[in-house]
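Take a look at the structures listed below.
Next come two complexes, and both contain chain A; in the first it sits with chain B, in the second with chain C.
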Partner chain A sequence: MAKVLKLNKGAEQCLLELLRFLLERGKVKGVFTFSKVGESGGVAYSLITDPAALEAALPLFPLMPVDAAKVLSRLTLVEPAAEPIAAVVRPCELRALTELIKRSQGSLDNLLLISSTCGGVYPLETGVNGNIGEKLPGYWEAVKKGEIAADIRPACAACEHFVPYNADITLALIGNKDLDKQCLIQLNTDKAEQFTDGLAGELSQGEAKSEVVDSLRAKRQARKQELLDEFGVEDSDIQKVFEKCIVCRNCNKVCPVCYCKVCFFDSGGDEHDQRYYETEMGKKGYAPVLPAPTFYQLVRLFHVSISCIGCGLCGDVCPVNIPLWAVALKTGGAVQNAFDYLPGRDLDEGLPVTTFKPEEFAATVD
Partner chain B sequence: MGEGFTPRIVGFLCNWCSYAGADLAGAAKLEIPASLSVIRVMCSGRVDPVLVATALLQGADGVLIAGCHPGDCHYREGNYYARRRFALLKKTLETLGLDTERLMLAWVSASEGQRFGEVANQFAGQIMELGPNPMKTKISL
Partner chain C sequence: MAKRLGVYVCECGTNIADKVDIDKVLAAVSALKDVEVADRYKLLCSGDGQGYLKQSITENGLTHLVVAACSPKQHETTFMKVCEQAGLNPYLFQLVNIREQCAWVTPDGEEATDKAIRQIRAAISRVHYHTALEKKGMECNPDVLVIGGGIAGIKASQILAAPDRKVYLVEKTASLGGKTKRFSKLFVNMESGPGLIAGEIERLQKSKNIEVLTESEAEQILGFLGNFEVKVVSKAEDKEDKEQNFNVGAVVLATGFELFDAKGLPQYGYGTLDDVYTSLDFEEMNLADGPTQGKVLLKNGQPPKSAAIIHCVGRAEKGYCSKVCCLYSFKFDRMLQSQLPGVKIAHFYSDLCIPGKANQKFYEDTRESGVEFVRSAVTEIAGGDKGLTVKYETETGAKGDLAVDMVILLPAMETSSDARKFAEMLNIPQDDKGFLAEEHQLLSPVASAVEGVFVIGCARGPQSIAESIVQAEAAAGKILSALVPGRKLELEVKTSQILESFCTGCKTCIEVCPYGAITFDEDRRISVVNEVLCHGCGNCAAACPSGAARLKHFTFPQIYQELKEVLR
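On to the complex of A and B.
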């Protein structure tokens, strides 16, 4: 059981009040959250230090133009944040950040992690079409009832890890029927209690988990199966799945756990000299010329499947609409199960590829 | 499986054990399949799944990885990582509907020339039965 602070305000207002409180009292130097960009409805992560600038903040806006983990990793890569920063992130972004930190790509020191039970986000297309505004009332209605909101990103509709794992503060959104009037802030850590000390609200004990949360998890698990069946990746033919790939590498650029500074595909490691192609043509009657989509996708899966947190950005940015999120869910799920590993659950849980047990996988060795 | 099929097998052999084991097999004049092309690596843990994928997609019919027995690694634990990487590789290929029978991980020490011969011949036989790698004939990689 954790301490729960009840504020009689709508969820977004309540979160803004918390952030304003943290800034005004000097408890944090900056706030990392979504802000409005221009008038076209775009949002982007920004660091806000002036409480007045919180006017433009939209901390719960259901869109993910970039994964916060990637940004936070850049902000804390060389050394931990010099002064405390409150970061508002989604549960999957938090998991991705945990995975990056396991790979020494950032630091949690001086970060106050604020997350929420997550209703999912809309595909980027919905965001750029400018009609996301019409969908918002329905979205919040679904969150209140603990249902899967219509038209959200398929990866979100299939996500069962929507309760954050390592957040200092969790906003209980799912299943809160009075979301417009009151808000529950769950303080998971001592750090959270220290930071929120002095914030006016009704204190009690509670847990973000509830029957509504469990039933939503069951609904999403069922949806996951449906979607995997629908996209035909259950009995996949690799050639068929990836034949449309144009190796634009969007999926590689947006993936939060794909972190190498110099990617294998930038290193020239996959390139051949002219003579290679001539020899191949002579031998086979054809020579596969780069880019090689199947090879690219395979290598990507080798690298990220163990840490894939299923955010679905890869599928979202694919210009030829390959259901990459479904491939990632299936392969990632299978690989993670094989190692009994859930990415982003626990910072102290070692990466499967950098740890081992002397007695294991006997069957894989001949 | 066509007539006159000569498989091409890529073998990643650990410098400290299996490579020496293969050498010993040669010195003892044991029969080693000619289809095996050996690449010496400093540790079986160095074999990145990417190398295996490269070999398979460019037309190798089989890939053999051989390293030191558990507990005998020259770098103390490289072969344990190799085993995990191999499990990851196999699982990934499996979920994508690719053949994992074309892959083999085996432990062969420097003194096991006999065993190296057996492992290589058994794997070559297995590949002979499987026939040519279908990915060889697929144009789009």
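On to the complex of A and C.
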């Protein structure tokens, strides 16, 4: 049974206090969180060990320049963290991390996972242009009311999984009307209770769930359908969707569940022999020369669909504005439904490719 | 070197020739790249056909061969042998099945011909990308480790031991003979169990090639068919633990069974009421060297005047019939009657299971001798001042009580506590009842999923003594034919390999490998294939997300080139 710790402070201050407490009491060696970099508005994930450095931390800043899962995977790939680290991550990042751990691409050992119900993030461009500050008051108002904040990324506006799975500690942000002066910290695990033992606050049994969470989920589901309809992913020609693609492979580089050491597209595996060009030209009168966008995008979908957690980074970094997040959401959703699999929900939920079921896809067997 | 391809279409008597226009096929493929010869033959698999093929390969200096004929199941190895005889590497050959997949299933002749052309073109395209593969042999150790010194383990050891094959028989307890030596009589011929075992042990001891290790346990078994490394620890009570290491080529698990713990079902009063015994307790009581010197006595020292035998104790809980309880219960009737003339016996059962050629008569004779059989849906044992009462309820719901002096329970047989240990040690699955699973229930009943490891007797489920011995003989036969002293083991050629630079270390391949052939190298953080264990199933190559796992002879370009021509 979860416990809830109530602190009479604004959400961000409260989270910073928790992090400072963990560092100062020596309960963790470091804090992994979003932090300011320089003065030009840059933000990045940092590992902070000095409590004073928490001044620069922005744990709830609504921007995602990189997926934390990718960074945490790198941090723990060769060996698990030697000493406890508190990691503040978004629900989708946590799901991606779970998927990577399932594939031995990191370790949760010694990580205290702190997440929150998530209001979404703004497009990278909003952060780069520097006008994100103007939007923040409206953002937090929407979080309080359980509404979809204006101008957040479409992938976030369409995200149903904004309540974290597998977090040790969950900050209940969505629907908290007193977000500026009061914060509810839900302790989901024994580990969370041990780490927060001694933190001043009002402790009670139960969950910090707001009824607004369900209504926000319904709003986001409706928005998801609207957005998918708008982009026409449902019945569009795959060649047309991808014809703008310049194969810059930004989507490949930012994708948190794309984890091969050597990418197929770096391996020479996509090179064709002359007979291929002859055949293509013989058939169509022309032959596309590499890079082949549709092939590239299809291979990507084939590789990541089962574990796509819909973080939306692919769409955010696309220089030619292909709604890649919508394609990923649609394709990923279909593949995951087919296997009754939700990526990132549970570390013990086996990957479909390694889970044997005596009966599966009976219709295709015949 | 320039490639010189030969394409040969077999008429297969009339099987292919009647449906497929072979001349049209030859015309369509003879002009393809590097095709040196394209020809037809009546029956390529015949002696003459093979001779023709061999000669044609040699005369034309062929570097690659495509044969369009029947199913690879039928004649792939035939034509591979021809290649070898002609000095051509047999993996530079591709067989196209235009009989089953074309002539026999495509009704229209023109369509069948077009399809045959497509398939042969695909094979020609594929064979261009074949590489020569070399057969490998591995020295093997013919020795065998047998675990469990019951009747199954003893019999397996006797058959396997030979001057050029040593058998290590490892037994956990201090003496051989397992459960059988504790059965004073054996059904159906009422022979003495201790007597039978004594004879078998004597035969065993005569062999110089069996090393019996009692009070010993196998602590580690690593390796594969032909080469297992074994660590056995002797744990004699009065001595220090002694470790012994040796190599064997095969492992036989004959770890036997235990009885379901009747204390788990309080309605039978076992452990709480006096004079309620399990079948093994009763066997013990009948042994000359047992606690009562072979006399059937109640706790008060008096002989019982009546006894109830309760069937199927724990059957519902375990979910299976132990198949020998009914049979040995009739033996109990004889044992009681011969010692205690006039004793009244009643069986309480829900189903009787008496298969086999001799057993029905055994049962009928028992019944005629005055033993009562009560079909009861619910049976309970109650205690009291005057003795025990069997409370029962028949199928029709009628309830009854029967006062008896003694109750004998027939508990289910369950897997030995060692099954899990060996399942984990050797990576062989347990079935849903906990017994060590066979490779295939029907087709391969004494082999396990791990090549070179066999499971016999009650380790794989309830068995009679005769069945256990049959299985010991079967496993021994398999081992004798697989591990011949001095002969090398022929290994699978089309194995998988994992490219180090591509492997991301996600271990997906390890999860999908059914042969335990892939291990993880922690230093390099990559998966590694053991070529001896790999059967070339290709699961890893299909599942690897990074393209690091590749199956020889089924490489990406080979499959791609073949598919491209099929779909062209």
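One rule holds in what follows: the second predicted complex is superposed on the first by the 351 of 366 C-alpha atoms of A that agree within 3 Å, B and C clash if a C-alpha of one lies under 4 Å from a C-alpha of the other, contacts with A are read in each partner's own complex, and residues count from 1 in each chain.
Please note the rule applied: a residue touches a chain if its C-beta (ideal position, glycine included) is under 8 Å from a C-beta of that chain, and two chains touch if they have at least 3 such contacts.
All figures in this text were calculated on a predicted structure; none of them were measured in a lab.
**Q** Are chain B and chain C a fit on chain A, or do they clash, once the structures share the same frame?
**A** Aligned through their shared chain, the two binders clash on chain A.
**Q** Figure out whether A:Tyr259 sits in contact with chain B (first) or chain C (second), or with both, or with neither.
**A** second
**Q** Of the two partner chains, chain B (first) and chain C (second), which one does A:Pro352 touch, if any: first, second, both, or neither?
**A** Only chain B is touched by A:Pro352; chain C is not.
**Q** Pick one for A:Thr331: touches chain B only (first), chain C only (second), both, or neither.
**A** first
**Q** Check the residue A:Leu298 against both partner chains and state whether it touches chain B (first), chain C (second), both, or neither.
**A** It touches chain B, and chain C stays clear.
**Q** Does the superposition put A:Gln239 against chain B (first), chain C (second), both, or neither?
**A** Only chain B; A:Gln239 stays clear of chain C.
**Q** If we overlay the two complexes on their shared chain A, which of chain B and chain C does A:Arg95 touch? Say first, second, both or neither.
**A** neither
**Q** Does chain C touch more residues of chain A than chain B does, or is it the other way round?
**A** B
**Q** I'd like to know which partner A:Tyr286 touches here: chain B for first, chain C for second, both or neither.
**A** A:Tyr286 sits against chain B, while chain C stays out of touch.
**Q** Just checking: does A:Glu360 make contact with chain B only, chain C only, both, or neither of them? Give me first, second, both or neither.
**A** First partner only.
**Q** Superposition on A: which chain C stretch among 91-99, 145-153, 289-297 or 451-459 collides with chain B?
**A** That would be 91-99, the only stretch with clashing C-alpha atoms.
**Q** Would you tell me the residues on chain A in contact with chain B in one complex that are also in contact with chain C in the other?
**A** 264, 269, 353-354
**Q** Along chain B, where are the residues that touch chain A in the complex?
**A** Per the stated touch rule, the residues are 48-50, 53-54, 57, 59, 70-71, 77, 80-81, 83-98, 104-107, 119, 122-123, 136, 138-141.
**Q** Where on chain C does chain A make contact in their complex?
**A** 501-508, 511-512, 525, 543, 545-547, 556, 564, 568
**Q** For chain A, which residues are in contact with chain C within the complex?
**A** 78, 103-105, 259-262, 264, 267, 269, 276, 279, 303, 351, 353-354
**Q** Which part of chain A faces chain B closely enough to touch in the complex?
**A** On the chain A side, the touching residues are 235-239, 241, 243, 264, 269-270, 284, 286, 288, 292-295, 298-299, 301-302, 305-306, 327, 330-331, 334-335, 338-339, 352-354, 356-358, 360-361, 364-366.
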